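Sharing a structure, written as structure tokens. Questions coming.
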Amino acid sequence: MSAAGPDSLSWKRFGDRLAAGAVPLLPFGAYEQHGPHLPLSTDTVMAQGLTRRLATVLHGEVDTLVLPPVEYGQTTDNDGFPGTLTLSFDTVRAIALDLAAALHRQGARCLVVVNGDFGNQAPLRVAARESVQRWDFPVLVINYPGMAEAADAALTSEPAGYGLRHADEFETSIMLALTPDDVRMDTAVAEYPEYPAVFPALQIGLHELSVTGVFGDPTAATAEKGEALLERLSAAAAELVRAFVSRVDGDRASGG
Amino acid sequence: MSAAGPDSLSWKRFGDRLAAGAVPLLPFGAYEQHGPHLPLSTDTVMAQGLTRRLATVLHGEVDTLVLPPVEYGQTTDNDGFPGTLTLSFDTVRAIALDLAAALHRQGARCLVVVNGDFGNQAPLRVAARESVQRWDFPVLVINYPGMAEAADAALTSEPAGYGLRHADEFETSIMLALTPDDVRMDTAVAEYPEYPAVFPALQIGLHELSVTGVFGDPTAATAEKGEALLERLSAAAAELVRAFVSRVDGDRASGG
Amino acid sequence: MSAAGPDSLSWKRFGDRLAAGAVPLLPFGAYEQHGPHLPLSTDTVMAQGLTRRLATVLHGEVDTLVLPPVEYGQTTDNDGFPGTLTLSFDTVRAIALDLAAALHRQGARCLVVVNGDFGNQAPLRVAARESVQRWDFPVLVINYPGMAEAADAALTSEPAGYGLRHADEFETSIMLALTPDDVRMDTAVAEYPEYPAVFPALQIGLHELSVTGVFGDPTAATAEKGEALLERLSAAAAELVRAFVSRVDGDRASGG
Amino acid sequence: MSAAGPDSLSWKRFGDRLAAGAVPLLPFGAYEQHGPHLPLSTDTVMAQGLTRRLATVLHGEVDTLVLPPVEYGQTTDNDGFPGTLTLSFDTVRAIALDLAAALHRQGARCLVVVNGDFGNQAPLRVAARESVQRWDFPVLVINYPGMAEAADAALTSEPAGYGLRHADEFETSIMLALTPDDVRMDTAVAEYPEYPAVFPALQIGLHELSVTGVFGDPTAATAEKGEALLERLSAAAAELVRAFVSRVDGDRASGG
Amino acid sequence: MSAAGPDSLSWKRFGDRLAAGAVPLLPFGAYEQHGPHLPLSTDTVMAQGLTRRLATVLHGEVDTLVLPPVEYGQTTDNDGFPGTLTLSFDTVRAIALDLAAALHRQGARCLVVVNGDFGNQAPLRVAARESVQRWDFPVLVINYPGMAEAADAALTSEPAGYGLRHADEFETSIMLALTPDDVRMDTAVAEYPEYPAVFPALQIGLHELSVTGVFGDPTAATAEKGEALLERLSAAAAELVRAFVSRVDGDRASGG
Amino acid sequence: MSAAGPDSLSWKRFGDRLAAGAVPLLPFGAYEQHGPHLPLSTDTVMAQGLTRRLATVLHGEVDTLVLPPVEYGQTTDNDGFPGTLTLSFDTVRAIALDLAAALHRQGARCLVVVNGDFGNQAPLRVAARESVQRWDFPVLVINYPGMAEAADAALTSEPAGYGLRHADEFETSIMLALTPDDVRMDTAVAEYPEYPAVFPALQIGLHELSVTGVFGDPTAATAEKGEALLERLSAAAAELVRAFVSRVDGDRASGG
């Protein structure tokens, strides 16, 4: 990882490092409700924080280029809450595909997207497939790998169910580790929504399920837990990137 | 302006302020070459910096909500330089239209886009028109208002011609005022490209015209000049916002 | 359920039953490799078979209209195998959205899609969301509900991992229950692919993982197990439909 | 033709036959009103029935692969009748184009679409053209070839005019030959709509012209007439396929 | 009809006449090969000429506004001949739909398109349907009504078959009546292409069938025959417009 | 320039000249209000007139093919005035891109668009970029080059501000030179709109600013001034075409 952040790279240095084989890492976030105690940019902060840790873990093994984050994502399920500013499915897909195309034209060998928002998963997956179909340009999408295991190991509260960890101990701990000044623990409250029988087969606005926007219990969150989570997540992410790069290099070696 | 930045707002506070009539300000940037001495994120930094100054100038008159920046834009003309990661015309348009739609659904009365990148002007203009056509939701796009006059008053170097002020004294001064650590003045050089006779009627990759990516002379840039420029630009932008809001309020009063 | 299949309904009878409140059930299949022993239409046969069982279970409670199946789906992951004829993501989405629109115009209160193919899940989910956004017309997508529990209870072989049950004991048992003449048990073989470290974060053509197209062990499959699976799946699906219809009716009662 | 229907082919057998040069035949139907006595799936049944006869006629000359039918089509003109579930023009076009693309990727030399629905003609024609423009992959669309001559030879009732033979002696006879249990001759009635002067230059919902949905007189229909019609139609279709395949082979031989 | 052509109307006069109920007539042409003796703009000249005659015939009954022609159309079948500049199917559709939308916004009650090019028929038909679906704005598309009967009555040469009258006695006579200086009868030759067995089920570039671009025999063409054809065609077109306007007025009277 | 207009070229002559290297010139107009005294087709007439002058100036140097005009354009800003029939942004872009594609397929080396309408500038610019990106086919868009200087030299009235010269002395003089019978000088009036503070950052319907549709003073217009303007504009346009063609030829010579 460069000591300098993505905002401080000039085009020459970017070009030199890309030519030398650096792997671009793109944090993909969202602007979405995260309860009364977390900021709307939580997913972006988490994606960006995890990206930086990932670059640090890979340092010495895989040279990386941390790109600026995409600060908006597909968050339709939460847009019954004020402040949730969602992009459409197709816009998230287009952003990812455009950036893959630009990197491909400039000689990058692949792209890694570090995604912080559940709703981005499907459109990023479609974009990754289209990138391969159109330009044979590989895109790896990382969605908090090993999240369940990391949470089991580090956390004490019960998850809210259906894999929903929203503004809970998991996310709040990570935010306390990354940007404690933006977390207002005095307003943190637990909420365990009751799910209707038709959930999640039917897409239901989350504001119908939760009054506060919290799914779980953030009150037990600590920065230490957040650090432990980030360590595990970044280690799992690094494993994926290593395997991905090795696969990409193998394909190139064999002319694929 | 809120003391807290956009990343630290929770959904409740966002909702309260929107309901009270706050005007959302969206900085729209780009990731584009800016010579050897300025970072690729220059347009984003400038759009964000101008947005904050604008919010400060309007403070007490017009309540504003500063949104997170869009960090990528349409920068095709520069994509012959490594590191320029361009979105397509339609993706920039879709991002702006999606965010206008989201704000409209949530009860905002209007949207102000503070644009930092030349290539975004056309797609943002199309999006603004479509927002009115579809939802009667007004979008004001601000493109460095009064730039020529501000530059004449504050700067000493000649512009490079055709309105191109790229990585020159204008942009470099503003960056020195906003984020001096990211400017490497020791690598700043002047370049005054010769334009072919067919320019600008024909779209020519800027890398065919400039070796360094600079259009003008950044060596005379200072943070003081940057402050003077920002003061004039934010004052002109504030004029536009006042007139816009007054027009929007008039339309609403008359049932338009 | 009507004694007559969907092919035998005339427009008058269809219209009468729709006007009386019948809920349309749409089986959504695919044409995709399913190992050496199962037909390419396996997903369609399964979706159609489950739809009919579901209609039977609901008989007397919820009147239903079984529509003709969609015989092609999004099966990109398998299109390295001959015979897999995939539709694109957007085509699957368009089919579902068009049929929702048509039913909405004709006065249906909702639509239930019984999906038989993994790759259809994401585009059907997008279509369901768009149907609500555009016309407030609710669409429930059913993806083998309670599959894991049903398999645990009825089957003896190990699953192949990552939720992939493809041409295995699960699917083969159901096919033996539904259309035994199309299953060639003499050619059934077990295959437990080794997954690369980057799976499933990276979309990998399944033909790179499996030689036969099988993921699991179909040799232990029986029609009796298939019956047991269908009973559980249709019961779980019926639960979802009941909850869905009750929710739809509630919304209509309250003017929503 | 294979003794087994398309639902029973495994990917291996499909792949072997495609590699050996088999020509895929795709029946394209619709779900559309066909009077009180014919099922909504009439066009699908007819397209599928004609496809099978065509494969039989070609047997020994041209090896064919009968694909599963598309059960929905573009039937806007009839969607004033309940039960007519129309796809949009662009969706029909996308289905055909996707399937052509999939077959092209898998090494097929061409595709034959056997179309059963008038409204599909235009979008299938556009798709066929696009398939050639994009991939040089030839698609033949067959629309009941020699229908007028066959009807003149076999039928006794007058046609309803403007080429409209809908739920009349022609369609009813063919359905009696293909699926007599789904025809309710006791409810068959003749209707000869009066056409307004502006027909067919203006697209008018057919429910404005016909009360029953019938255009012509189905009461004289018999299975024998249906057999005679199918014999003529499949012979004419076989002529087209022979000429098409010969042309395709010629192009391939000459490197075209 | 106005004495002045469409180019000479000011917005005020246009507005006054539209407000008074004038029916807009849009000639839709093409730029397409028409043999060695006719200009590439033949379809546009013919559409425009027929439109003017139509306006004259309707004068005193139906007030009309003749719009400027669209000079390009969908002519893919001919684009193997130099000079044929085809628009895509979707562009022709978009032009017609945009103009329908603009006229609808301005209070027109309907639109009549007088089409001069075979390839425009399908996209104009789609646009007309979409105009009704979106805005309930009726669009009548006129395609040389009564052409076959008019040709039988006025002409002496045999048609080339399959309804193709291209650069033949029909078109040449009309051009001689409309713009004799653009017809070079000394270069006119007859050509009767042999059609392959697969025609017209398969879309074949017309340059594969005809060397000259002529389908039929233009040598017998005269301006007198052209006048006779135009008289019949405009009378038949006027019948359609009368019926259309009466239907539109009826719908409006009944609140439809 | 050919003595014959574009309407009189046959495909053979078009093909011969294109093969010999002739450069196609496409006039792109609009149907848009131009005050009480100018026709709605003013932009088309001007684009076509300038194109013909340009061809004359280039005669002997660069062989050109004058194509038929596009008579409709993107004129949204004026569509509050009756008679303004606007195409959408995407339709103008599609027309230009389709025609570039057609010319490219037929062996043209480039395309020159002579644009007469302000609103077409952005979509034509996007189309020109896309043409290069997709097919490496260069498109030059000419927008009244040297207009400001020509107006300063030839005209006596003040412009209306913001570069808006609409139905003023500039346009009226050119129309008097090109088509005096279509100009009604007795109805010409001057109007100098007051611009709101938010103009032109906000897109405002021009009918909100001007009662007559005039921006400036047409009363001083004369045909002589129009001739002087056309001479300067066509000379400046010819300079651009020479530079463009030389650049295109250079690229081809170097294999670019």
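Letters A, B, C, D, E and F mark the chains as written, and numbering starts fresh at 1 in each.
Everything that follows uses one rule, which is that contacts are C-beta pairs under 8 Å (C-beta built on N, C-alpha and C of every residue); 3 or more make two chains touch, one makes a residue touch a chain.
Being a predicted model, the structure only gives us computed values, none of them experimental.
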If a chain touches chain A and chain C alike, it appears here = none
Within the chain touch network, how many edges lie on the shortest path between chain B and chain C?
-> 2
With residue numbering as the guide, point to the option in C-D, D-E or A-C that repeats A-B in over half of the contact pairs.
-> C-D
Select the chain at the greatest separation from chain A, using centres from the mean of Cα atoms.
-> E
Greatest centre-to-centre gap (Cα means) from chain C is with chain F
Averaged over CA atoms, how far is the centre of chain B from the centre of chain D? Could you give it in whole Å?
-> 56
In whole angstrom, the CA-centroid distance of chain E from chain F equals 27
Distance between the CA centroids of chain A and chain F (whole Å) is 49
How would you write out the ring, from chain A onward through chain C?
-> A, C, D, E, F, B
Name, in rising order, each residue of chain A that touches chain B in their complex.
-> 6-12, 14-15, 18-19, 31, 33-41, 44-45, 67-72, 79, 81-88, 90-91, 94-95, 98-99, 102-103, 105-107, 179, 181-182, 184, 187, 213
Contacting residues of chain D [partner chain E, same complex] | 76, 89, 122, 125-126, 128-129, 132, 138, 140-143, 145, 196-198, 201-203, 239-240, 242-244, 247
